[in-house]
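Okay, handing you the structure first.
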Amino acid sequence: MTEPLVTFRNVKKHFGEFVAVREMDLDIHAGEFLAIMGSSGCGKTTTLRMLAGLEAPTSGEIRIGGDLMNEVKPHERETPLVWQSLALFPFLSARENVEFGLKMRGVGKEERKRRALEWLDRMEIGEFAERNITTLSGGQKQRVALARSLVMEPKMLLLDEPLSALDANLVIRMQAVLTRLQKELGITFVYVTHSQSEAFAMADRVVIMSQGEIAQVGSPKDIYRAPANRFVAEFVGRNNILSGTVASLDGETVTISTPSGAFVATAPDTARSVGADATFVVSADLVSVSREEPTGENRVLCTLISEEFVGSMVTLFLESADGHEFKVQMQERDLIELDLHNDDQIWLSWAVQNAHVLDHE
Amino acid sequence: MNQNRTLNIILAMYVLCIFVFIFAPILFSMVFSFNSQRFPTIPLGEFSTEWYAKIFADPDVWLAARNSLIVSVSTSVVATFLGFCTAYSDFRYNFRFKGPYLALILLPPTIPLIIMALAMLAWLSKLGLSGQLWSIILAHSVLTAPFAMAIIRLRLNQMDPDLEAAAWNLGSSEWQAMRHVIIPFCAPAIVSALCLTAAVSFDEFAISWFVSGLNKTVPVVILEIVQGNIDPQVNAIGTFVFLTSMTLVILAQVFFISRQVKSHS
Amino acid sequence: MKRKFDLYAMTWRLPIIFWQLLFFVGPLLFMVAISFFVVKNYRMTEAFEMVNWQKMLSRGYFWDSYWYTIFIAGISTTVAMLLAFPASFALAFRASDNLRRWAIFLLIIPFFTSYLVRTFSWYVILAESGVVNAMLGQIGLGPFKMLNTHFGTVIGYLTLTLPLVVILQTVTMANVDKTLIEAARNLGCKPLATIWRVVLPLSKTGLIVAALFCFILSFGDFVAPFYLGGSQEPTLPILILDTTKSGQQWPRAAVVAIMMMATLFTIAFAAIALAYRKGGAR
């Protein structure tokens, strides 16, 4: 294992009374695409700004490439940032914007221009090089902002919700541009977002933050399938969360009795005892629906309450006999085959390996 | 509906009357400046450039014009510099006693000019600084800096707050960011501030009259002529003063307001 | 946290402090000081005597002048506010945004042009054989004596204050939430009652600020009462002018100036308290 590019050790950041980052320990590795995700006010942007030197940590250590960075001023770092507002200079042309960083670093006029144009071409906006920034479209500005940061040839690029101002189909295109760029350049991307779809679509690893602390770090798949705690489980989309007490233990699996019935779930290797409280989670798209009572350990009879359509996906909202809400996600064509109506009684079931017991809260 | 329309017409006429009242003295002064009568009335006398010939031949007027030019240009530079510093400090920093700090620069225009004039005269005499052209410049810079501050502050309000940090992020020191980002961004407002402070300084007579000693500016010359008797020369000088001020004000608006409209659309 | 001297921050923060202390606070404090100085043989000498205060405040003509200045500035403020209101109302509610912007642009111009020349122009226009009387003469009226009267003084004040009052009133009323007015009309409130019960309360702060500025400007102006009012009843600014320019009685002028400042502060505080008081009985 190589030395991480960035390390956060016991980093805290307070703004007066307000605690933006409570306690942060994090390694960022060279060449990875890391997304930091959370709702507003969770400390994700503060974390990024500390990395860029725009905020100094109240305590703790931030190292980049092994060097302590706490007191290093923003302009003495190589941590270009793509801003949520883009922060392009409105009085400069696209090319002059891209040249800005090089000019500050004392790169000569000719070379500056050559490198700026090269990057504008690479971002497919070479034809707009001499245009005033204010006359460009949202997507074009986005590309200028990327070129302006990347022309510095940094080891690491910071991105603060760069796609939040774009409309939906442009977001998808820019996601492709960003992932391709990151793979081609092989540099580290640290990408802050509140959007789960952006984070999960692009990142190698995702950091989920809540109230100034890291709730979970892992690959998108890990987080999706096995959320570590209730916060992550609730934050990451359509999960069914059931709480109860441990009825019996059997190696890797636990039987948990809940008001809706007894269910078997896989448990991480933390110690548990019979009678203890436990919560497990099943992703909504891993629940099956059938008219006949299925075999297998995990099944529950529910009443259909309502349906919600998004594209070709449908989410069913159901209720068990004790009133617990269940969610099931499926393809619309599968639903048509079932021919369901509201108030119908149907069976839900899921495999043991898809039910994960959460860590204690 | 019909009643509403009549009311609208009456209101429009009324607004027009208010504007006539406000602009009548300006227009009459210009008309009278080309009128042959010593004491203008209706019907008007013949067209004449007599009064212009008179003021052009008067070396005192030329001297006053030169003084006014020096005073208003110097004042505008000093006031705009002070206004810029304060506007930027207010924009960028939060610090203790910021309220009193801002009051310090914003209060002078609310003090009656005659009081400022008396206080300035007494204080500058005490310091041995009175009776000079730059006595007027010192006083006028205090008086006009708030206008510069207000204009530049409004411009900074329109700036993306990340812009300065973006410059640091791209390797600018604070000083470089000032030179390459803040000043270029504020440039139109700086030009407006220069024009407006120059216009205010160019028209100010109370303080100039008190502290200038023998170095009269144009408004002081007007004041002294007016004190004597009805002299249509005042109209001719006045027309020049108006044209100068209005040019400055319109320039200021072109630089500032047009940008503002653009940035809103 | 260590507190280092931040050269960059101080470069922008300190100049104005230095400058205003030296050339704004300094002069005003010194003016307070000289009100205690004495003048002997046309020379002012530093002292700490109450003689100027006693002399000025015991004189009938000072108090006549004091109350007259408050009276005439008050009249002028009332007139300006009333004259401006219908015009501001029209500009705020009946004019398009574009027209309103143009109107405000035009109204800013006089603010930066020579008040002195405009006053002189009024002097010629209002004279007994001037333009106004000549026109009235055509229809068999007049001539009226308009110069050297209260009327002349008020016209002069209005020249100074009316554009500002119209601007402030217009901006204030244009910012009133129009849906509230529609709601009032919708609930059966008559037009005049809507102005009285909805528009005025909602724009109270701005209107009071407008009146305050109008009063301050009129109260401190010496040109209008001097040239158009004929200074038969001298206002306080004229008193300052006379005592300073003739006789070198700076200390007594300072007493007048301090009295003026005190009066203005009192009125300003009262006005601001009134403006920001929580909604009244209604």
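The letters A, B and C name the chains in turn, as written, and every chain counts its residues from 1.
FYI, a residue touches a chain if its C-beta (ideal position, glycine included) is under 8 Å from a C-beta of that chain, and two chains touch if they have at least 3 such contacts.
All figures in this text were calculated on a predicted structure; none of them were measured in a lab.
Inter-chain contacts peak for the pair B-C.
The chain closest to the protein's centre is B, with centres computed as averages of CA atoms.
In terms of the distance between Cα centroids, chain C is separated most widely from A.
A separation of 60 Å divides the Cα centre of chain A from that of chain C.
We define each chain's centre as the mean of its Cα atoms; on that basis chain A and chain B are separated by 55 Å. Centres computed as Cα averages put chain B at a distance of 18 Å from chain C. Counting only residues that touch two or more partner chains, chain A has none. Shared interface positions of chain C, i.e. residues touching 2 or more other chains, are not present.
Here chain A touches chain B in the complex through residues 52-54, 73-75, 79-81, 83-85, 87-92, 100-101, 103-105, 148-149, 152, going by the rule given at the top.
Within the complex formed with chain C, the chain B residues making contact are 8, 11-12, 14-15, 18-19, 21-26, 28-29, 32, 39-43, 81-82, 85-86, 88-89, 92-93, 95, 101, 104-105, 107-108, 110-116, 118-124, 126, 138-139, 141-142, 145, 174-175, 196, 199-200, 203, 205-206, 210, 219, 222-223, 226, 230, 234-235, 237-238, 241-242, 245-246, 248-250, 253, 257. On the chain B side of its complex with chain A, the touching residues are 160, 162-163, 165-173, 176, 180-181, 184-185, 187. On the side of chain C, the complex with chain B involves touching residues 8-9, 11-13, 15-17, 19-21, 23-28, 30-31, 34, 83-84, 86-87, 89-91, 94, 101, 103, 105-110, 112-125, 127, 129-131, 133-135, 158-159, 162-163, 166, 216, 219-222, 227, 237, 240-241, 244, 250, 253-254, 257, 260-261, 264, 268.
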